[in-house]
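Presented sequentially are two complexes of subunit A, the first with subunit B as partner and the second with subunit C.
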Partner chain A sequence: MTAPQNPITRAIWDGTLPIKLSLDTTEAAALGAKTIIEPYFIEAPRCSYFPLLTSQLRKYFGDMMLNFIGDDAEIWYDVDGTPLKWHYPIGLLYDLHTGYRPDSNSPPPLPWSVTVHFKDFPADKLIRAQAIDATQDFFMSMIKEADFLRNGSTKKVMNLSKNDQTQLWDGLWSKNYDRFWSVNYRLVMNDGQMPRHIPLRIYLPDNCPVLQEPVSPLDDNGNPLTLGDVLHQILPELFPSSLPSENSFAAPVIHGVIPQLDMPIVRASQNLCYPDNFLHIVVLLGI
Partner chain B sequence: MSIANSDTTTFPNNSSSSTSLNTNLVENVNPQVSLNPATALEKYKKKDSSKVVVRFRAIGNAPILKQNFYKITASNKFQAVIQFLRKELNYKASDPLFLYINSAFSPAPDEIVANLHKCFSTDQHLIINYCTSAAWG
Partner chain C sequence: MSFSSPAIINNNNSNNNSSSNSNNNTIPSNNGNWQGDLLVKLLLRDRREKAFTDFVNSYNSLVQKLGNFADRNAQLEISEKTATEKHANLSLEVEKLRELGSPVNQKRTAELEQQIQTLKDERAELYKTQGVNAQRLLNLNDVLRNHEEQSKKQQEETQRLTEANQTLTNKVDLHFQVLREKDITIQLLQDELSTLQLELGKIDERMKDLEKENGQLLQRWLKKMNEEAEKMNEANLFYESALEVHAKALEFQSGVVIVDKEFTPAPKSTSLSTTLPSTSLPPPASSPPSTSPNDSNNTSSGYVRARSRSSGPVIIPTIVSRRLTPHDGEIHTIQASTDGNYFATGSADKTIKIFDSTSGQIRQTLSGSIQSIMHVSFNNTSEMIAGASNDNAARLWHLKTGRIRLTLTGHVGKVYSARFNGDSSKVITGSHDRTIKVWDLQKGYCIRTIFSFSSCNDVVPLDDEGTTLVSGHLDNNLRFWDVRSGKDIKELTGIHLGQITSVSVSPDGSKVLTNSRDNTLKLVDLRTYDVEQTFKADGYKTGANWSRSCFSPDGRYVVAGSVDGTVFYWNTQKSKLERTLKEHHNPICGVSWSPHGSQVFSADKDRTVIIWSGGPR
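This part shows the complex of A and B:
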């Protein structure tokens, strides 16, 4: 089954990040490494999740004679000492942790340097997954949460056949655009109905709590609200106006780009959402 | 002559209007420049100390609580709600327990109660269903 043509969702789906995964040096010794362990380089889809890389990594480091017999779910990742949330998409984690503004004059920090850990899972900072299937469960829960925001129920997801529901996750891990988008298209387009609320989350620097509010796609007069309007409503101090020219120090970043602020929020949601159906907006300050 | 006159009369008008436009621009720009992004962030960093009502509903053969609604600090993560319910039910970490919002979906433990309440509450109550086997998996 082929998905409807959309160059934007296609480009987002094809977006990848080169990542350099290095083994924590003290752990390497503890795991029986006798020589220096070379890092593993991978080009990972921005829309994917770290647990989907774990089996490759395990094989690579296993071939280096590392003695690790634990479960895949024990393997975790960090950047500069901050554990990475495995249930966030990789692209979101990159935008959030590098804080790289695409409009700056310096080149992006690539490949992205991430440390892999096989020991001492930080259960106080990360959710402990019971099994590797947890990624799929968390992903499907996000899709249902998004559906609830759009429709006040999860009927649209629950009315998908078992096969179609499975196709969402299968399409994602097997990197099959048509498999995923032929089903997901029905969800994000909401069968042509205007959604009640837009599924979105906003991430601010300095460990501010994540913001999620019921965001209406229309104003009181039924006119479409723009991305700029929404940012101005939720973060008036950082976006003193909904117009692009007046917002000099804060910039929203989605999939590593700064989107047009005058784009209707419903269009942004349909085209720029991650596979979990949420618009994940990282707000960065200064250049 | 009359044309020249009208030109000279409109010219100063134009220049005065452009001066006032400039002043407007400066007035618009100034508050932004003086706005310190760090101070703006402080506001969003502050923990919400307000409390919200959560209402627990048992599903299937899950034990019923004596009291089914509680006030919970809004800035808590959903993890705190899970732990609270486990304690109330005297459940060990190994006992299976599944929590859902509005009989519909299971939020991640790191989602913030305030956000869930803002987005999904009914009559100011956040309705949490719980059961001992996966229900709306």
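This part shows the complex of A and C:
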């Protein structure tokens, strides 16, 4: 069930999103576009990050006679006027910004429409330096943080050989499941030991701050906690009960699906975490 | 796109709804089902979200193709642009050509051609001048090159000379340095010289002191020696008086006074000299017992008298009166005493034996030598006998007491000859250490050493004092010496072809007889140093390196012994062989003619001694 060829992790790894990347019209004129430039369509992996798409994007718009000579770090993305945080995985951003509950009947249109900007980087809202190197550093630091939460130290990551560390990033970059998971498996499974805490983050709509609390995988009596128990603990108002039947108001979305609340939190972490080893849960309200 | 997608999504949603509802309703606490549920949900999600995969893929390939077309278009545009440019250039050229074709231009062309012609001519002339110039340039270049070569040579020469100069300067410097060093060395040497001179002065002083000291010591030593000699004299006196007492006692015992006729030749015979023949002691030939050489002056007024003493008629003795074999070892020498009463033999058995010349009885045996005796000789008074020995020493025995009086040591080789001078004050020895030494008997040490350049086989004093000597040597030469200067008077070379074995002086002192291993005897005149006569004979061969020949007491004959045991007599006046007598059977080592004239003593290697006497005239 936790073998490298886990169908769930495989499905999560293979998950993609079709995105329509269109240029900001005012910027296009400023950058010397003579005609209207057609938007660019791309199918991006849900686990990937936007900076990994930038070079591809840039080549396309370059071919479209766009005269842009700035750094990759100048390029940024927004959806309906909201800048996208480049350090979140694409799938998480989609779930968060569309606010689409898979159990509702009004799915947002696909492809996902994203606007590309080559100018006016919103330094007040986004972190600068979103080049690929920065993305890799951020990704590795997230893995270390997850390891620290699990074990109280980053020994497991730090003890990885240099080769293995680069293999993690290279696997993500080249969309190679075997390459990535042969290393990540050891980290996620924590060598079969019960982790101290579950690395997880909860995102709420309407720009609420991200919740990150130390969550123990077991209760005081040593019984494993379920996903529902954890949500109930952290958000007792949104999740008045740990049972799914009573929680129709709010729903946790991970990877575009709503998992069952009676799923043990350890298993959830092992199966549904993003490549940065965190369980990113988007909580959506109402129907 | 926008039409189809909602439908699919709706479908998905409805599926999703139903599944989630069923999950919610039926299995709220089912622990294992969440996997299947998740998989289903993910599948539904993918079905919705991957609906555009085909579109996106084909779009991407179209985008790529578009990019390629754009590139190609750009290339085509560039090539078109260049083509247009080419076209413009060509049309321009066409325009120009058209202009050239007009009649004005033709005329102009003709003019121009003419001009060209003239210009060509000019050019040809210029070429010519250029050719000339080039030729001149070449010549000048040659000259220049020659000059350059010369200057190069000169430069090289200069450089060479400079180098030579440099080396010479260096040499000069070097020489200066060497000179300076030598000056220093000279200074050092001078310093050393002065210090050495100082030292020399000191050493001279010390030497003077030492000489003074030595003189004192010598004086003291002489005094000691004199004292010793006096003591010796006293002892001898005492001994002789004891003998006299003994003789008196005997006389009284026997009551008979016998006057021994045998001792009549003695010039004086006291009444005390009567003894029994068998145990007779040498009669005091000279007056009272006097042994010191000082006293010998009193006894004989000269050598000549001693020689003239040969009173008896000289005949060649032919009869063997006695044949003796007294020694245990080989006999080396035989010598008659100066008074003719005894003769002595020296032998390899380290003893000298004294025989009565008439009876042939052994009177005394003198021992004390460490090695064999090579030569014996009596002094003029026949009181002492000198023996030369192989032990590098010569010894003097007193015949009366039979005791060694002196041992003369100092030679470093075998001593082959030892002889007294006339007054017995000195002894001359000749040795194989190539020296001749003269010993003062009074002082008892060597007063003169003569370096004779060759081993000396025999040495004889030529006068009474012993101031001149003649010596025969291993190198065939006969040498004459002055003892006072220690120098060579005369050296006779080439008279013999073998080493000289003996030298003897004629009774009148005018000639010297030599015997040599070339089997000849020669008579040398002392005044002219000429060889007067040569004696040789068939069958005569010198027997040994120490074979001695001798004159008869009147000098008319010479006698020598041969290797086969034959005794040869030559007449010196007739210069011919007078007689040969063969009684020995071994090499004869020496012969000696008694001063009485009627006896000859000979000895051979095989220990035989023969006394020859009498015989028909």
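In this text, the second predicted complex is superposed on the first by the 281 of 287 C-alpha atoms of A that agree within 3 Å, B and C clash if a C-alpha of one lies under 4 Å from a C-alpha of the other, contacts with A are read in each partner's own complex, and residues count from 1 in each chain.
Following the convention adopted for this analysis, contacts are C-beta pairs under 8 Å (C-beta built on N, C-alpha and C of every residue); 3 or more make two chains touch, one makes a residue touch a chain.
Source: prediction; values computed, not measured.
Residue contacts after overlaying the shared chain place A:18 against subunit C, while subunit B stays out of touching range. Of the two partner chains placed by superposition, A:164 touches none, neither subunit B nor subunit C.
In the superposed model, A:138 makes contact with subunit B only, not with subunit C.
Of the two partner chains, neither subunit B nor subunit C is touched by A:78.
Contact with subunit C, but none with subunit B, is seen for A:7 once the two complexes are overlaid on the shared chain. The touching residues of subunit A, when paired with subunit C in their complex, are 1, 7-8, 11-12, 14-18, 40-43, 60, 63, 102-105, 107, 109-111, 243-245, 255-260, 262-264, 267, 271-272. Partner subunit B is touched in their complex by these residues of subunit A: 85, 87, 127, 137-138, 140-142, 144-145, 148-149, 153-154, 158, 197, 204-214, 235, 237-238, 240, 246, 248-250, 285-286.
Note for the complex: subunit C touches subunit A at residues 2, 5-6, 9-10, 12-14, 16-17, 20, 23-25, 28-31, 33-35, 37-39, 41-46, 48-53, 55-57, 59-60, 63, 66-67, 70.
If you check the complex, the residues on subunit B that touch subunit A are 28, 31-32, 35, 37, 39-41, 43-45, 47-48, 75, 101-102, 104-112, 114-115, 118-120, 136-137.
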